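Next up: some structures, all given as structure tokens.
One chain, chain A, appears in both complexes that follow, with chain B as partner in the first and chain C in the second.
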Partner chain A sequence: MAATNTVVRPGSTKRSTSRWAPTARKLTPYAFLSPTVIVMLVLMLIPVIMVIGYSFMDNVITNKNPVFVGIDNYVEVLNDPVFRTATGNTLFFTLVSVAAHLLLGLGFAMLLNSPLVGNVTKALFRVVYILPWLFTVAIIAVLWRLMLNPNGVINYILISLGLTDKGIEWLSSPETALLAVTFINIWAGYSFYMVTLLAGLQGVPADLYEAARVDGASAFQRFWNVTLPQLKPIIISMSVLDIIWTSQQFALIWMTTGGGPVNVTEMLSTYTYKLAFSRYEFSVASASAVLILLLTMVLAFFYVRHQKARD
Partner chain B sequence: MSKEARFRRGITTAVAAAAALTLITGCSSGAGTDTSTSSGGDVTIELAQWWEPELPDGALRALMDTFESENPGIKVKLLSGPYASTKEQLFAGAAAGTMSDVVGLDGAWVSDFAKQGALADLSTLMKDAKYDDSELASTIKVDGKTQMIPVVNFVYPLFTNDDLLAKAGVTAPPSTRTEFETAAKAVTALGDNTSGWVLPLSSEAPNGIQNDVMSWVWSSGGTMLKDGKPDVTNKDVTSAVDYIKSLNDAGVIAPGSATMKEQDKVEEFTNGRVGMMIDSLSHIDLIRKSNPDLKFSISAIPAKDGFTGERGIPYASWGIGVSASSKHPAESWKLVQFLMNEKTNSKLSTLANAFPGNTKSVPDFSSSDPLFKQAFDIYSKGKPANEFVGLPVAEQLMRLFDEQLQAILQGDESVDDGLKKAQDAWVGEF
Partner chain C sequence: MTTFAQKQTSAVRNSPDGARRPLAQKPRRRPKERLAKVVIILLLLTGAAFAAFPILWMASSSFKPNTEIFAYPPQLITSTFSFDAYITILTDPTKVRFFINSYVVSLAVTALTLIVAILASYAFSRYEFKGKRPINMIIVSIQAVPPITLLIPFFGLMVVLGLYNTYQGLILTYLVFTLPYAIIMMTGYFNTLPKELDEAARMDGAGPLTVLWRILVPISIPGIVSVGVYTFMIAWNEYLFALTLTRTEDMRTVPIGIQLLMGQNSYQWNEMMAMSILGCIPVLILFLFFQRYFIGGMTAGAVKS
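Up next, the complex of A and B:
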């Protein structure tokens, strides 16, 4: 067998490549990350920083030479009674929606996971229950506007059953509008919980239930001591995410009530939108948006902390 | 590491870096785009508007082709979108200095664009082109500068459902407020979910305040302004709001008013659930298509009893302006001039089922709905009125008034208190 003797001359290409190899090795991960980092910078970080900057100016976009006004815009927003109304409405809308999403989602998930229901029935109900999640917000808004119309199906049924003698103005009456939009949001969002919790339920080991049965646990005790603890991480994650998503709900409110009547369904999102695109007060709108960002960041902090604790 | 592996690593690093570079250049290439271009000696100007989707297919492009053949060396690029998108696009363009050369405008936007300095002074362009503006029906000025010319106007008369009114024993469309109230009560009394009148007050699209509320003020020769400033506590507005409240208390307004939008209003009328509505003429085709059996008439909006003056009739315009940042203002003006000439304006108004912005133009009624001819007579006898045109944050003013009107109709506050609050809110916006 002939041995090959390779002579490496000083300054050869190979040595040059070797010299750059460690640098290239170090740079490669960053090069791969760079498209994402640039997208995040351009589409997320820079706009957020710009909006924070705008919130300290007298007005931007419509004003060519804006001047720094400190926290004036924040003071204006916080002193605006409509902002306080919007905060209260958002709180009600979010908390009721999230609680109802959880209860309905868990209830339907347990129903679909029950051995008492046949496979065909399960498949049928799975389709029926998941339907609301398949519609876009625009469809949901139009659908419910038609159904809740004073001359719509819901009122027709109520009148036919003798529960009311004339059509109720569900979305137009200050007494019912907030409840109506909250109901629509609950209808539109419980499916997501249901699907996720169903997956969680299917992952609960059967031997835990068997052990509980052997110990003489009732159905409620099995639910309380086995099902809920097993689903707890999913429930917490879902709830925090849902609070963030629901508190930012804009399209549904805008397309059903527009924040009316008389601000009873005004949310932080619609309030901010009106400031920007109706009053063209982009700086005040930015201040409002930053306040919402801060509230959301508090929730996001708890979510991330919870996820870290899980890991 | 083998030579091959090092080579592969080098290649992948290069590909990743190239991807990042492409992304950067991709993101940056959109900035600072010149909206008008010159190629091969031709000047291309942009016309951003929402009209093309609302006109018959290819109609606006055909007009542009005529313009291009009459003005060699100038090409027109149409940027078309729905009304709301056009508004947002123009605002973004105005802020970034990339507004299209010629822009379709709504009277409600003019003041805000003018405040941004986004629109060119058309008086200067007219002067430079030695244009005689005596044929123009109207021009919209802000701070003494002409910012918009209404190209065509859409009027808002009273629509009445002939069958419902006849069934209720009303033989002719009402001409006075008392007649209107009587007719509305008679139609509502028919039962079966019918209402006399429909009033859209959605705060998402608060133009009901302009078209369905203030029209009662203007039709009786009233005003909501004094020396260009808010004056909604005056007797004209108070009387109109009192009247609307009395209609509401009488239960003749269709339910669901607070969240109803213009399209809901048209739908209620088309389905024969309301006897009367104030609406744009442009919806006649839609109503006929949706319910071919519906028999309806149009008439002037009722005025106060005994009013003999000239009746104001609300209108909305397709207005036009030139961007202050246009690199081709002379060519842009030529396009405006073309759209406003007698022949083109007649054609455009016929196509749009609207009334011309040139006083000499006459729409061709030969193939249009007979109601258009009737509407043109109402329009010619009355006075186009829309005091929101040219006001700052016009949509917000409508929304602020809307909130107070809703509170008044709900019985949460008196007419005087509501109007006082509306006045204060309006003054704040001015």
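Up next, the complex of A and C:
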């Protein structure tokens, strides 16, 4: 490397002054990004194009020569009553979970932010409250199957309290299964809100509370007029993310009820999975998968727009 | 563009707990405060029971013989306390293999994710280039792509590439889910480091790679640890693709292994619970050692992505 300006800066022998340097400098960021771009092209863009292609064909994967069938698969999916049930279930499961996550998370965060409790106590409780989040969904599913068993400990407690006289089949009776899986999901997911909202609460400027107190605001008024508006941006972005994640939940449903009994816990994810890997109707499953993608993209659009507004 | 986590930490530093309670008011509010404190402690305990009881029950069940899982009345600690379920699992090569698979896949995913993400984040943090905003937008929105949408083409792709039922197939798959988070978190971290640091090194003639590895990476260890921990967790916990892209028992990971214990005729509940405990140990250890980074990653990765 010819270094003509070494005289000016002794020791900088590596510095290139050739006329290629500006071009090289322009290309550097692309070089750094290239591994990411390659991974994302091969494993994201191509699969998405593939699944859209599949959804307009018939007999993909199982047959070597699939035929183009237009929107037939979409018509089939949208006319399937199970698809509609699954959409309704997913909506219920998602909205109830997200609302409960938010309420529990906010409640716990406010308890943990109380100035009346010592710091060590708070730290201890915080660890306990985070625990459910540290367990993978597969473990959570098996654990709750054990606890919600007709002879399990939850039914024992309910019987002891006189709330029921015999063990309830929480996960296998049509009346309770959807509520049961939603409850499990609530237990599994509130920690994430709690941790984030706690950080948010600690970031609310103390003088805002002081000002409100001087104005004679009650505790509830301070919460409603100071705390909530301050947390609003976090709450919105977390809720949108949680809606996206919860509506995609698969493992929990698959390992507790498998979508049953009689489809009462069938979600869009389990419905699509069954189409593909139990019935081997990969084309119809692809159409369903594309519909799910479209729904999610609408949500993601709002999320990105909200994030942009915050910047 | 400061990240959310930073704003929070700086805010936390400025307002230590209790700062909003002036000392002068303390005596006047005593009786009311004491009542409030009792209520808060009671609520905290109720919450703790809700959060922790299922986990205690899992631990307790893992020490029971399978015949006593549903014994009436239920007991947290029984006279038949034993480690048998753990011994059964740890001496069964098929089950030990689940753990080995999970470690191999998760560690490989973590290493690859960190390398690729550090390179990409360096470009995002330190360079202005054409297409920066669109590429960034794509990475943010990729996080929302439903796994179930990718599942069918991935299945087809892995079969065609000969990666079905292999470590490589799973590792590549998980990169798609870990990279966007990792890049966003890592870029946020790099953005907190002053640009003068690397500019000084550049002046002395160091190339961009040297600046990255010699200057930025060493002082970014806390950020790298939180990204690494988060990545490891995503890979360790993944279920859907592990279920679909592997076929034979010797390729299954822990989450699938637990499900395999739910046999056709009998459920080995105590073994399932023991395996669950063993399966969450790596994450628990990571959590205990890196709690601060962990929570930093949780809030940064999720809130400001």
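By definition in this document, the second predicted complex is superposed on the first by the 293 of 311 C-alpha atoms of A that agree within 3 Å, B and C clash if a C-alpha of one lies under 4 Å from a C-alpha of the other, contacts with A are read in each partner's own complex, and residues count from 1 in each chain.
Definition applied: contacts are C-beta pairs under 8 Å (C-beta built on N, C-alpha and C of every residue); 3 or more make two chains touch, one makes a residue touch a chain.
These figures come from a predicted structure and were not determined experimentally.
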Superposition-derived comparison: chain B or chain C, residues of chain A touched: C
Chain B versus chain C as contact partner of A:T85, first or second or both or neither: neither
Partner chain(s) touched by A:F135 [first = chain B, second = chain C, both, neither]: second
Partner chain(s) touched by A:L143 [first = chain B, second = chain C, both, neither]: second
First, second, both or neither for A:Q248, with chain B first and chain C second: second
Touching partner for A:V39 - first (chain B), second (chain C), both, neither: both
Which of chain B and chain C A:S239 touches, first, second, both or neither: neither
Partner chain(s) touched by A:Q202 [first = chain B, second = chain C, both, neither]: second
First (chain B), second (chain C), both or neither touched by A:T28: both
Partner chain(s) touched by A:N185 [first = chain B, second = chain C, both, neither]: neither
Doubly contacted residues of chain A, that is, touched by chain B and again by chain C: 14, 28, 32, 35, 39, 61, 149, 151, 254-255, 277
Residue ranges of chain A touching chain C (in the complex, touch as defined): 9, 11-15, 26, 28-30, 32-33, 35-37, 39-40, 43-44, 46-48, 50-51, 54, 60-61, 107-108, 111-117, 119, 121-122, 125, 127-132, 134-139, 142-144, 146-147, 149, 151-153, 156, 187, 191-192, 195-196, 199-200, 202-206, 209-210, 234, 237-238, 241, 244, 247-248, 250-251, 254-255, 268-269, 272-273, 276-277, 282, 285-286, 289-290, 292-293, 296-297, 299-300, 303-304, 307, 311
Complex contacts: residues of chain A adjacent to chain B: 14, 17, 21, 24-25, 27-28, 31-32, 34-35, 38-39, 42, 61-62, 64, 145, 149-151, 166-167, 169, 171-174, 177, 254-263, 274, 277-280
Touching residues on chain C, where the partner in the complex is chain A: 1, 4-5, 7-8, 11-12, 15, 17-21, 33, 36-37, 40-41, 43-44, 47-48, 50-52, 54-55, 57-58, 61, 69-70, 72-74, 115-117, 119-120, 122-123, 126-127, 129, 132, 135, 137-142, 144-157, 172-173, 175-176, 179, 183, 203-208, 236-237, 239-240, 243-244, 254-256, 258-259, 262, 269, 272-273, 276, 279-280, 283-284, 287, 291, 295, 298-299, 302-305
Parts of chain B lying in touch with chain A, wherever the complex brings them together: 1, 3, 6, 9-10, 12-13, 16-17, 19-20, 23-24, 27, 88, 91, 95, 112, 115-117, 193, 201-205, 254-260, 273, 393, 395-396, 399, 402-403, 406-407, 410, 412, 429
